[in-house]
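Across the two complexes that follow, subunit A remains constant while its partner is subunit B and subsequently subunit C.
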Partner chain A sequence: MASGVSTAAGLRLDHVSRTFRRSGGDLVRAVDDVSIDIPAQQFVCLIGPSGCGKSTLLQMLAGLQPINSGEISMGGQPIAGPSPERGLVFQRDSVFPWMRVIDNAVYGLASRGVDKQTRLATARHYLGLVGLAQWERSWPRELSGGMLKRVAVATVFANAPKVLLLDEPFGALDYVTRLQLQRVLLNLWGESRPTVVFVTHDVDEALLMSDRILVMKGGRVVDDRQVSLARPRVVESLALAEAVAHKEALLLHLGLQDLVDERLARV
Partner chain B sequence: MSSRVSRLTSVGVLLGLAIAWQIASVLITAESVPGEPMVPGWQMLFTQTFMMLSDYWLGGFGVAGIAQGGDRTYAGAILAVLSNSWDTSLRLVAGLLLGAFVGVVAGLAVSWSAWSRRLVALPGQVLRTFPLLALIPLFELWFGLTFLGMMLFVAYGVAVIFFTGTVNAVRNVSPIYVQYARTLGASRLRVYRTVILPAMFPELRSSILLGVGVAWTAVVGAEFLGAQTGLGQIIVYSKYFGYVDRMFLVGLILLAYAALTFAAVERISRPLTIWMPGEFADQPAVTEVAVVEPQRATPAIGRTAVLE
Partner chain C sequence: MSRRLLLRLPFDPLGLTGLIGLAVLWWAITFFQWVPTVFLPTPEVVVRAIGDNLTASRYLENFHLSKGGLLTALIYTVQNVVLALVLACALGIGVGLTSARVGIVRSLLDPVVMTLGTIPILVTAPFFLIWFGTDRLAQVVLLVLYDTTLIYLFAQRAAGNLDPTYEAAARTMGAGRRKILFDVYLKGTLPEVFGGIRIALAGAWGLEAISELLGAPDGMGKVISALASATDVPTIMATVLVLATVAVAFDAAVAGVFGYITRWQPEVAHG
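Let's look at the complex of A and B:
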């Protein structure tokens, strides 16, 4: 089992761009000359207003979208196309509805030719860690949205990726479920420590989870903030001075100038 | 509880139709030839007409055929129905399996790669638009009145339906499943086997039912043209002599077979769709449409046969 052993690899983005042609015919630079270095095992949150290019960038990291110019490398090797070394958790439900929970959880391992005993043991280990040990024979239609996310997270972790990419994974969930899943994800991350790139539009989520927050706007990275709040973080951590400072800066980036002005006026 | 009510309603409607037919047989006195009513009643169909089917028993199993000087018997009639059904079914099943396989593979090829799409997509769309029944004489000239020719004709009719159905069903598979599988390390072949095929099956099911209906149309149509055996051949010979009752009885037998095959498709596909939400209240909506096909095809084919 992968527990305790990290296989993480760092990511390096070198002048990466991605251009779309809109249906109107004009070109849009969704990702514009982005260069970032992400060391192995770092938990990075990518935050920005909708349409800022953060999801496009994540899809490029996953190898699901072509890179128009520049290069993305993982552990020193340029990436080409999707790979099980870069696991992806989608915003929408991606769990296969035609497979039982356990068959979903072993899917990546089976795809890579891992023998049946090992893959079952690994999948059960991770299903246990996300709290779905009792549900392995269930069909996805019998599970709630939050449970489906747990299946997806367990499936990706069972595959022992070097890099874990998450595209607003908990965006569609209710507040309590989201907090629970953040905890689940952090526990799993603490166990095997892959490098994480987590796209979100939720400032609190970013502050609770990440080592580093990258802010994107108009296809560019406009801010790069180190978060050194002690772990494990709890909801109260958000009231610490460092968190408040980060939050103010992030809200400014997200366009909430008025809200910040109002707060400053009251101080 | 409501499923029981709806089943009772269905049985009631069927009974009503049977009674209406019987009333019509009394009211309508027209005859195709003397002694052959246009609307034969049930009392005639299940006795005299059924016995007459022994005309199509060629002899064997200790029951002599009419051509060998045997009498018309119920045993002969039963053997005639069984042996002709067997011949028709073999042609149907062989053509259906071949056509389904070719159609699905060609349909998958459209999405497999740019090259396979170029090779298959346009020819597939062109072949699809040929009117099936107009091709019967062509197949007859190419293959003669052989098993191979009839099987290929059925296969053609079925393949174009499965092709269209597969292309459409693949297109409607959500790309997120394919992307998820690929980021988990699945090869392209594995994506097709474990994602595309199961995900498209519910959508393909209507094409399967449609294909089975067309297979019955095609096999009976192919037999109209001069097969020596088969249920379609009985219908065409009956037509020459104005035996409306025999045509109707064979039509009923075909109807029963078609219903059985639809039920079989439902049965076989159930375990393949057990994962779907709300899969326990499904209706075989296509059944009625497809069963009507063989009968509707009769006049057009009959005319072609006469011209030959």
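Let's look at the complex of A and C:
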């Protein structure tokens, strides 16, 4: 079996901006002069209120949105357009409904010209790791929302990206499925350790998964927090003092002052 | 028969009841002579006319029609319909999908296709007769024009309706433009495009027959035109019945093939 293990690469964003013109004609700065260094293999969560620019920034990292000014580089090389080196798990379903699960899982490898035997072995390896070994001949319509996300995650990992980008991938899933998929993702990340940028609304999810949390507001990065909680993390880890401190700060950023005040009053 | 199998059938079994009802009504009208049989012959007479003229018919030869009876005429008609459909699929799907993705192609072609779509297609038939004579080419070009217009519009609309996430996903996985066009746009739009092809096919039979009526070396329309001059209502009805049966069978077969190719689609819940 050809392993999907690849050398992770760091990301560097240097004064990156992106503006949109609204239908009314006025300009909106979705991403405003953002500069970040993300070392290789780091698991970063991007968090912020709706419309803060985090998904736009992720799309720019993926090469799907142009950069108006500044530069994004990966491993020292400026990025220009999408690349299989930067795999993306979308918020919406991106699994092709007209292809069986296995054909979806091999798609990236086939696009890169990997031979049939290798790509099948690789795809089966990752489908096994996400618990879908028995479903490889199924059509996506036969799978639940959580299973489709597993296919999307397996497909991206099978393509051996140096950087993995995830745009609120588990946002539409129920609580239990979300926890299961978080674990699946962390297990896969532990195997090949690509650099991860994970966009989420969920503070707990960010705390359970990341090494670092970047908070965005109004297109800018307004906080940069290192999370040094020991791994593996479990739901109880969220009750540790460091997690609670991060959570209060993050909730304040998200505009939930009342929740923080209530907790402080109880203490 | 299981509900699942029923949903996968290319036709509604209840539709058969409608056809049988129509046949019974026809029989009743002629049996009770509500309409004189000179205008509406009995089913038995029409079926006999089919049997007498299907494979070889001295009677039809008297009208300077081909020696092989209705079957030879039918083959000519079917060949034209299928040939035109294949050409229109290649043209309509290719250009329709491209126009959905490339703005300049859409801007250039949309007004042309819209204009073609609003002109009653039969109005153009005399031009094809003048340009191509009564050759097969005149009928095929007319059908290609009609089929392509429909398939182009369906393909363009289907590509526009396709979730752009699929293209973005393919791009981030390393797929090139041609692979995206084939794996995402072509495969993802097939259900809607197939709907357009079936509509084009349904109209093509009638259009082919009428264009043969206007002037053709062979075909079912040519047979009807010749028999109309002799006011032979039973054989005209036999010809129409054979053509209608083949058209229905063809549509059922095409629907079956299309249903198999797009079996990945979620099953539609029927109330």
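Simple rule for what comes next: the second predicted complex is superposed on the first by the 261 of 267 C-alpha atoms of A that agree within 3 Å, B and C clash if a C-alpha of one lies under 4 Å from a C-alpha of the other, contacts with A are read in each partner's own complex, and residues count from 1 in each chain.
Simple rule for what comes next: a contact is a pair of C-beta atoms (placed from the backbone, for glycine too) under 8 Å apart; a residue touches a chain by one contact, two chains touch by 3 or more.
Remember, predicted model here, so these are calculated numbers, not experimental data.
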item	value
When subunit B and subunit C are modelled together on subunit A, clash or fit	clash
Contacts of A:G53 with subunit B and subunit C, given as first, second, both or neither	neither
Touching partner for A:T155 - first (subunit B), second (subunit C), both, neither	both
Which superposed partner A:P169 touches (first subunit B, second subunit C, both, neither)	neither
Partner chain(s) touched by A:P97 [first = subunit B, second = subunit C, both, neither]	both
Subunit B versus subunit C as contact partner of A:G219, first or second or both or neither	neither
Contacts on subunit A seen with subunit B and repeated with subunit C across the two complexes	62-64, 81-84, 86-88, 90, 92-94, 96-99, 107-108, 111-112, 139-141, 155-156, 159
Residue ranges of subunit A in contact with subunit C within the complex	62-64, 81-84, 86-88, 90, 92-94, 96-99, 107-108, 111-112, 139-141, 155-156, 159
Touching residues (chain side subunit A, partner subunit B) in the complex	62-64, 81-84, 86-88, 90, 92-94, 96-99, 107-108, 111-112, 139-141, 152, 155-156, 159
Residue ranges of subunit C in contact with subunit A within the complex	163, 165-166, 168-176, 179, 183-184, 187-188, 190, 262-267
For the subunit B and subunit A complex, residues of the former touching the latter	176-177, 179-187, 190, 194-195, 198-199, 274-277
